[in-house]
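Before we start, here is the structure in question, set down as structure tokens.
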Amino acid sequence: MLSFENDYSEGAHPQILQALADTNFVQQVGYGEDEYSARAKEKIRAAIGDPEADIFFLVGGTQTNQVVLDALLHGTEGVVAAQTSHVNVHEAGAIEYTGHKVLTVPEHGGKMDAGELRVFLENFYADPTYPHMVYPGAVYISHPTEYGTLYTKEELTALSRVCREYKIPLFMDGARLGYGLMSERADVTLPDIAALCDAFYIGGTKVGALCGEAVVFPRRGAPKRFITHIKQHGAMVAKGRLLGVQFDTLFTDDLYFAISRHAIHMAEKMKKGFAERGYSFFLDSPTNQQFVILPNEEMERLSGKVRFSYWGKYDDGHAVVRFATSWATSPENVDALMKLMDVQR
Amino acid sequence: MLSFENDYSEGAHPQILQALADTNFVQQVGYGEDEYSARAKEKIRAAIGDPEADIFFLVGGTQTNQVVLDALLHGTEGVVAAQTSHVNVHEAGAIEYTGHKVLTVPEHGGKMDAGELRVFLENFYADPTYPHMVYPGAVYISHPTEYGTLYTKEELTALSRVCREYKIPLFMDGARLGYGLMSERADVTLPDIAALCDAFYIGGTKVGALCGEAVVFPRRGAPKRFITHIKQHGAMVAKGRLLGVQFDTLFTDDLYFAISRHAIHMAEKMKKGFAERGYSFFLDSPTNQQFVILPNEEMERLSGKVRFSYWGKYDDGHAVVRFATSWATSPENVDALMKLMDVQR
Amino acid sequence: MLSFENDYSEGAHPQILQALADTNFVQQVGYGEDEYSARAKEKIRAAIGDPEADIFFLVGGTQTNQVVLDALLHGTEGVVAAQTSHVNVHEAGAIEYTGHKVLTVPEHGGKMDAGELRVFLENFYADPTYPHMVYPGAVYISHPTEYGTLYTKEELTALSRVCREYKIPLFMDGARLGYGLMSERADVTLPDIAALCDAFYIGGTKVGALCGEAVVFPRRGAPKRFITHIKQHGAMVAKGRLLGVQFDTLFTDDLYFAISRHAIHMAEKMKKGFAERGYSFFLDSPTNQQFVILPNEEMERLSGKVRFSYWGKYDDGHAVVRFATSWATSPENVDALMKLMDVQR
Amino acid sequence: MLSFENDYSEGAHPQILQALADTNFVQQVGYGEDEYSARAKEKIRAAIGDPEADIFFLVGGTQTNQVVLDALLHGTEGVVAAQTSHVNVHEAGAIEYTGHKVLTVPEHGGKMDAGELRVFLENFYADPTYPHMVYPGAVYISHPTEYGTLYTKEELTALSRVCREYKIPLFMDGARLGYGLMSERADVTLPDIAALCDAFYIGGTKVGALCGEAVVFPRRGAPKRFITHIKQHGAMVAKGRLLGVQFDTLFTDDLYFAISRHAIHMAEKMKKGFAERGYSFFLDSPTNQQFVILPNEEMERLSGKVRFSYWGKYDDGHAVVRFATSWATSPENVDALMKLMDVQR
């Protein structure tokens, strides 16, 4: 069955599979000390414009959020995140499992507002009982957000300024970073992110890899003994080459950006198709996730013919439904989806 | 440089890479709900002779030990393991990170003795202060052990009997299980293991896969909400197909066993080569890891020409050195190693 | 300086000190196995009308919430609590430290609404992604709440019904339980609480003891190995007699109830005094904590003459201020406070 | 029944009860900010000869070990302790609960040897795989030890030197510190301990207090946000005065030392009595715990007439039994014990 359920329905970009095959029998040292990982790190350092960045490869997104935040936070600290953020809702308590509270601020299309963050921090320190409370020790944002929205450079700069004023690191979850960078409305670049954040990751799993996320700590910013910390959290892979080869491929000849741009084109095509058919959107997403408002009956009729994600109730007669494109989405599939929409009505 | 450093120096068995390529564009549901995972589980259930076994795929060995033991143990409990066991020494405290103590018993060539385990448990309950102590809540063994040794069926049965008497689960770390099953001196089969253990894993990473371990809870024995538990521990992969396709391939036409047997043949060939050249062994390993006693100078001369693992000091003039074969070791490489040994002297 | 800052400004009720002195040289077994603890438990069982209740004594409130909830919750579970609840705000992340998320629902004068709780639970299980979310595994309420408010029997019954329907335990934080039971508007009794809750504690620290909270699990409901769990959490006292003697005294001749009633009388007297002087209240509290709206300048002038708790901003010109009475408050002190209020204006 | 079971069978020294009564109605701020705590800290600073020491009061011994070590250790670190140490055996895994491994070295009469500690640390860093292992991050010793033995100044200095060389803090568990300081063979003073250790606690619970341990971090050495850390671990008492008044009393007019000396005199008297009757000792303890070797039948006959602690089997016919004195032991009680011994035979 045709699927727009998410951006991880297929395997990997064929060039990645080819690279895995090509390097398969070259013997390498384990645990991320292989030459492919080293090469991938150099290419990523070039792409973000920070030759001194510390880079590590992990397997998945929740794992990365958990491992990075637990390293950034002191025992008395929690992470500030938007109410709807992935770490607050959809990680089965992975952050709390490591002993840290998720401190929530309001969300606006999935985004955190720098002004509201400042008020949160001001209020915390203004409360005379704050030593009996969880200290805000890091800020978590995602870009794109869970709603596909993007921060402008001005917004990201404002968040970064608040964080630096309060001396707490700004961490960006970039599970879908490629789609954010290649959006037609993209306002921030990889070097911007490296300059404004203290930690972030470049998502591989949802952008063409079999698995893998590249964690970046700009300006030699890796937490103490991060390798041992990764091992202790069960997040180290013996065959680090698996991650190294993939990111080496993604950051060769701008493959990461090219395939992300393709996904954006497909999303724009799909968006146009929905709009032409008179559908409205739950919000205006400039990336690969589109949130369409469907009459309940249409959603039900559709559900046997194409896979998508139910996002929630809109009103008594309507639901919000997510359709995602990816590096693997073909124009033919988008056309097929539109045909299904026509038949539906 | 030639390497016998470990059994994860190469990528994956070519049939696995082929299967990943063949299935690459078939859209699948995420998080382990894909059809390849389902198929792999069926094949594993057949191989272990337990149609009701609960099976899950995880990424790596330390992660698996951590996730499984934290699910099996009550908060007041620790895991009993041999002094030299992987969970006690080389997992950077991954078990303690989850709040559980590793309770140690003596080791004999890396193995735990059922009689000593019984004494440990008897002594625990005989001590009137035991409610102030960590309860033994599971037993961890590895097969093969860190020293390449194997349990006999009698030994495993004895351990299982003690565990069942005390109502604590027996968990087997099978990171190198294939090599244990295919050893010329193998005395236990997969169905034996499924019958005698309450949880175990079939290692993929060190036996031909890019990554992946198949966790088995025989007799519908999965811990409560194990899926959510996996997610919370950062151990769930979005593209579960990556693990499913690999184990589906490994358990098709007995590939897992065939490639394990090959590694054993290579180990026997290597062992014979060392013996013929008059080297002695630290212990008699019947699997793919061989522990050779080398004069210090030979070890140093060798170290620029082939990769191996330094295992520890033997006496003032000698060291224990580990040479490992794997599914990927060729006879030519073993010959090359032997030539290097001849040149060394 | 006169203080209405809280209900733990003085030491202990004199009868408690006397009992400690009287029993001082009687040798006792440690760790809660002393005869005073046994006797106190029997008296509490009689007071709550449950001869089979499991009872344990702990030292303080945050400790009790932490130790009890960590025992009640499965690893995949969090506790549902009102947004303003103590466990969510003022325990420095003690719950998250044990790995569990605090799942919040709205508050109404500090209270949780059974209907809203039901909606929360319904929504959780209606969300198809719930296996990737923290399961609601217990419900936490406090009685009186942080705002001094009380549940009616109808409200508590409704909460209990929802919890039992969803098979999750209802836990009541009774740090100030005496003041709740003796309020002029008290609608629930100790036997009601024992019947409707699955765990609760009878606060000692704020109701006449030097320290100590009596944890009750009605109907033999103690979690597995709770003694070892207490020890592991650093919450066991060697001289358990310290807690036993205190609760034995508090539950002899209804001392606990008598001194709580006194605090309520003092609160009513204070409340009347404020009302007569034209002050309004932030909310209508029927217990020993009164939340008065003061003009900012009055609050400042007052702050050098009497101790109270700043509760937050009311509007630009006013603040909410808490005045608490306790078992130790004298009518003279309330009169002195009122005189200060008169001078203030 | 007469008891020599431990040093916490009675309540508190009468002067402590008197001080609690005398100060009972003086209103104080909570959470350790009271004036009695401040005064007690000043007196302790004088006694240890460090005017800049950071001091905190906690409730019990296991709690103190847990709270202090979890603050001293980085996430990747464990604590090095003797095999028989309290943290390794009798705290129900309280250290592991906080995520840290107890790394064990051999014991000699309960003591750790500086030379063996050095070898342990050297071996750790000599092992090329150490980044995959738990880092030694602190050293735990107790003084007196679980066996009543004492470090000499030379031994303590040697341990301190190794710790400083490796830049890891030395933490001394002083649950029975008074008895160690007042032993006839005491070689180290409180100022010595403050100079040589980086953290230690002065035990109150076993030396005359109802409860309470005074944690000392010499030279302004308190870990970051230790107050919030205490709160988060459930270890903060609302009525901090309870601990402040007790330590204020113990450190007024050298009460702590006087009552400790008395316990030593009683132990020496008891020891002499056993020796005169021909009993031998498991080891030569210079403090308040004496370990006597008793024929099994004598032990059994005795067990209905006096309380003591069974310490373990000595040989088939004998057991090791602990008799403890304390600040509360009277000469008459020692005489009564000796009479029982005479009757026994």
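Things worth noting here:
Letters are used for the chains, namely A, B, C and D, taken in the order the chains are written, and counting of residues starts over at 1 for each.
Definition applied: contacts are C-beta pairs under 8 Å (C-beta built on N, C-alpha and C of every residue); 3 or more make two chains touch, one makes a residue touch a chain.
The structure displayed is predicted, hence computed values, not measured ones.
The minimum number of touch steps linking subunit A to subunit C comes to 1. Each chain's centre was taken as the mean of its CA atoms, and the one lying most distant from subunit D is A.
Centroids of subunit A and subunit B (each the mean of its C-alpha atoms) stand 33 Å apart. Centre-to-centre separation between subunit B and subunit D, using Cα means, comes to 42 Å.
Averaged C-alpha coordinates give centres for subunit B and subunit C that are 51 Å from one another.
In subunit A, 75-76, 91-93, 97, 99, 131-133, 228-229, 231-232 are the positions where the chain touches two or more neighbouring chains simultaneously. Per the touch definition, subunit D reaches subunit A in the complex via residues 31, 70-71, 74-76, 99, 131-133, 135, 224-225, 227-229, 231-232.
Contact residues of subunit C toward subunit A in the complex are 75-76, 78, 89-93, 96-102, 128-129, 131-134, 310.
By the touch criterion stated above, subunit B contacts subunit A in their complex at residues 1-3, 5-6, 8-12, 14, 17, 20-21, 23-30, 59-67, 91-94, 97, 205-206, 210-211, 228-229, 231-239, 241-242, 307, 328.
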